[in-house]
Amino acid sequence: MSTFVYMTRCDGCGHCVDICPSDIMHIDETIRRAKNIEPNFCWECYACVKACPNHAIDVRGYADFAPMGHSVRVRREEEKGTISWKIKFRNGKEKNFVSPITTKPWGKFIPKLAEGEKPNQEEINSQRLYLEPEGLNTKKELPTVPKESFKKGVYY
Amino acid sequence: MLSTNPFSILAETVSPIFLQWFVIVMVILVAVGTLLDIIYKKNVKYFFENAKKAKLSATKTLSTGEKISVISKTIVSDIATTSELGAGKRRVAHLLGMYGTILFWIGSVIMIFCYSTPSSDTPNVWPIIWHAGAIMTVLGGSWFWFFLRVDVYSEAQPWYRIIKADLFVLALLASALFGLIWSFLQSLNLNNRWDDKLFLILFIISNIVLFGGVYWSKFAHMLYKPGAAIQKNLAEADGSRDNLPPPADAPKQYGLGIDREKAKHY
Amino acid sequence: MAKVKTHYEDCDVLVVGGGMAGTGATFEARHWGRDLKIICVEKANIDRSGAVAQGLYAINCYMGMQWDENQPEDHVRYARNDLMGLVREDLGYDMARHVDSTVHMFDEWGLPMMKNEKTGRYLREGKWQIMIHGESFKPIVAEAAKKSADKIYNRIMITHLLMDESKENRVGGAVGFNMRTGDYHVFRAKAVIVAAGGASHIFKPRAVGEGMGRTWYAPWSNGSAYALPIAVGAKMTQMENRIVLTRFKDGYGPVGAYFLHLKTYTQNANGENYEKKWYNQTKEIVGEYIDHHPVPTCLRNHAFIQEVAAGGGPIQMVTTEAFQDPHLETVGWENFLGMTVGQAVVWASQNIDPKYTNPELTTSEPYVMGSHATCSGAWVSGPEDLSPPEYFWGYNRMLTVDGLFGAGDTVGGSAHKFSSGSFTEGRLAAKAAVKYIEDQKAENIKVTDKQCEDFKETIYKPLENYTVGRNEITGGTVSPSYILPIQGLQRLQKIMDEYVGGVGVNYMTNENLLKRGLDLLNILQEDLEHIGAEDYHQLMRAWELKHRALTSQCVTEHTMFREETRWPGYYYRGDHMKLDDENWHCLTLSRRDPKTGKFTMEKVPVYHIVDDEKKKKAS
């Protein structure tokens, strides 16, 4: 499948080129707008579709098995924390979905570990990771298994 | 120098009729180039067929008044301020170039048709507009050329790589730059020094390339883009929206995530 | 080509790959190594790179210890059972005991987790899975990595690891190239954590045109997780344990939520529950393993494959009942939109509305990775408190090369990690890597300019091959002196498909086929010296192929070594069509000699650190 770019909407901003995990969104040399240079390496991940500020990118299902006439379009709104989908079947049936994409302001509650409290030697020597064992919410220590219970199951 | 009309000085050696015919030929070249583009690529046919198809998904019919309102808003915002480019350098550079070119061309036409004899008393405003327009075009265009072209910015292509898509902006940049240099050198009264006529010739050639290359360059896109913007806003207003889902009904409370960064991560 | 610029970067912890495991490693490394220089190098853009590019609709590994839902030993039993007895239980327990704290952090960072309205707990999809609205899962964890790292490098593909020239078998860093600028990048590091992608596209996919792109596992997972360690002589384990998935046809959309939350079920074209029909036949192959609850993934695949081969297809997922409930219908669609949009596209294009039509299922082509219902990967040390002495050599998640660590798909033996477990494994590897450095184990590493220059020449050779070779022909893609990356890839895929058990042969192979496959792979390796790349994008494709080819050789060697059919439904050894616990209840290990390219194979014991539970009900 693959993504394609609408001539009338693309203005050559480069966001799709920048985000594509497959490195297949590139700039056409005749019109300086984006295009998909390798549709057979397109995963239909919609990263470029969501990133385009002008909604200039759309998807046409893989020609191997997807008949024409369908439309699955998306609007990702970071400030509202929502993603909206509109699915149109080949026969015209329509489905719409809206989901949240975050519950908190972007990045605000992600810590800068460099500024947090330094681990002490006991924590370093232990098996605990950052924020453990409190972060497990179990009010217990990190679980472990006594070595006496190890059983060798090997048949050489 | 900025308030000297270069065309009236030129008229001492070249008859104004030639200057005026040159302008008329350039306009004809644009018209022919655009028409050929439309006829062979059938892009206008596609555009109107597509708009008709899109209207089928409209959820409401717009009244004439509503249509006029959308079109006016499009002209004022999308077209006049290039709002499609969002906030940032690309938009500023485009506005510089766009208005620079408009002033440059209007100034050219006025001076060539109204004040093109050696004895013309040109009001200062017109040469100032002409030179200012050329300077703005050079600033916006070269800013775009060296730093902002997406193939240079996002794909790390070297700034000196020239592709077919560069035909329009390079010719425009050349025409404004050579026009300025020509005007400057001409005002120095160099008589027959080697560079006296050189930049005039380069100015003429760059204009021929610019206006004659319409069929192969992005020139005509300048004329199509406003139409596309109007269609897009009408589609948004009548609910068809190119099959996109409508904006979500939710408050803007989370700030920006990926979008807060520039489109350059290499 | 203009002269290539070289950039040197010296650092302490180098994380190769910025996916779930890589972001976990980068994030955690800062906590333990406050003053260390931490660099993450990512082939694409860390905001959307890796298998979680489109998002996820469920976190498939969450214990819920805080509510006594599961304990780590339960997960070990589950993973062990699913992998027919063969996992690294120490690694699995270690991952399971920490994963809850990872998930709680995700919640804190803003990942929308669905909640059970009655209990207030995370909404369970199944025993191990909780449901999320994870469209932005990747950007959220990427931000955590960005806040910890000194620098994140994007668009740089790491092609080789550097080795210390003063001390044998110790890693010294990594090298690669920037696919935008074309520059050469040398990263000299004290510890390297490989958190790259597993292998998709080594077997011929079911769709071979544009549809090639719709693999179940991301097409940009090119096996760097394996090729990088294999090339420096690290030991690999269970590389024969490839995974085949039963998913919705063509789009490979996920079925987990369907089975567990929507309670849909499968049937053959005649409306029969076909799985029961194959019980006896399966029992003949695997014995009592078919009686385990839940039925191991591969055995369910096996019944599917047998039924289709016997003419009972197409197999369908019965959705018409569940989809009558509007809530379940929404979950059914959003499940795709947040995770595999392509499936929604397929259904929209074919007018399949699950409310009225039962969609088809299919079994996929094989993939090799380490974080799902499979555990191929590098042989690593476990944690000190959980590992038998044979499994521990100083630092958790360290490979058999000093200073080289792994996380996520890279690590073999720790199955059923999924996203949260891979992120957790990254955290474990990071803590251990920092300890390795603080213990002064990475002193006086010597990486000469010569080693770097040699790699530089190797890396850019495909561009040279193309430029020079192109002079021979007028144009087109056919050249007698170089092959293009796509040509090499299609050849690799055909070899693996026909000789190593792909879909074209119904997952069947035997020693004769494997031997022939190895011969053909060797010839391909020779030809890969003549791969030609037109530009930096193609150069990236060329190196992806090289990593895939090396991974494939390792997979084939392992498949030949294990003389039994341990996982029917993943693949079959036609010459050993039974599960053989007497001889093969062990893990396989390989090591490729970096100088000769020869693989040596060995068996290592499986240690059961958790015993069987009495008669546990199906999950």
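For reference, chains read A, B and C in written order, and residue numbers begin at 1 within each chain.
Convention: a residue touches a chain if its C-beta (ideal position, glycine included) is under 8 Å from a C-beta of that chain, and two chains touch if they have at least 3 such contacts.
Here the structure is a predicted model, which means the values were calculated and not measured.
Enquirer: Mind having a look at which chain is the central one, using mean CA positions?
Expert: So the chain nearest the centre of the shown protein is A.
Enquirer: If you tally contacting C-beta pairs, which comes out ahead, A-C or A-B? Let me know.
Expert: Result of the comparison of A-B and A-C: A-C.
Enquirer: Hey, how far is the Cα centre of chain B from the one of chain C, in Å?
Expert: 50
Enquirer: Could you please state the distance in Å, as a whole number, between where the Cα atoms of chain A are centred and where those of chain B are centred?
Expert: 38
Enquirer: Averaging only over C-alpha atoms, locate the centres of chain A and chain C and give their separation in whole Å.
Expert: 17
Enquirer: Which chain A residues reach two or more other chains?
Expert: Residue numbers touching two or more other chains: 18-19, 26, 71, 74, 85, 88, 102, 104-108.
Enquirer: So which bits of chain C are touching at least two other chains?
Expert: 45, 47-48, 136, 139-140, 143, 155, 179
Enquirer: On chain B, where are the residues touching two or more other chains?
Expert: In chain B, the residues touching two or more other chains are 155, 257-258, 265.
Enquirer: Inside the complex, what are the residues of chain C that reach chain A?
Expert: 27-28, 30-32, 34, 44-45, 47-50, 53-54, 65-66, 71-73, 85, 93-94, 97-98, 100-101, 104-105, 108-112, 133, 135-136, 139-140, 143-144, 147-148, 155, 179, 207-215, 218-220, 250, 330, 333-334, 337-338, 341-342, 344-351, 353, 383-386, 388, 424, 427-428, 431, 435, 438, 486, 537, 540, 581-586, 603-611
Enquirer: Within the complex, which stretch of chain C touches chain B?
Expert: Touching chain B from chain C are residues 45-48, 136, 139-140, 143, 154-156, 178-182.
Enquirer: Show which residues of chain A lie in contact with chain B when the two form their complex.
Expert: Touch residues, chain A against chain B: 6, 8-9, 11-15, 17-19, 26-32, 34, 51, 53-55, 58, 71, 73-75, 77-82, 84-86, 88, 96, 98, 102, 104-108.
Enquirer: With touch defined as at the start, can you tell me which chain B residues reach chain C in the complex?
Expert: Touching chain C from chain B are residues 155-156, 257-258, 265-266.
Enquirer: Within the complex, which stretch of chain B touches chain A?
Expert: The touching residues are 47, 84-86, 90, 149-151, 153-155, 163-166, 218, 221, 224-225, 228, 231-232, 242-248, 250-260, 263-265.
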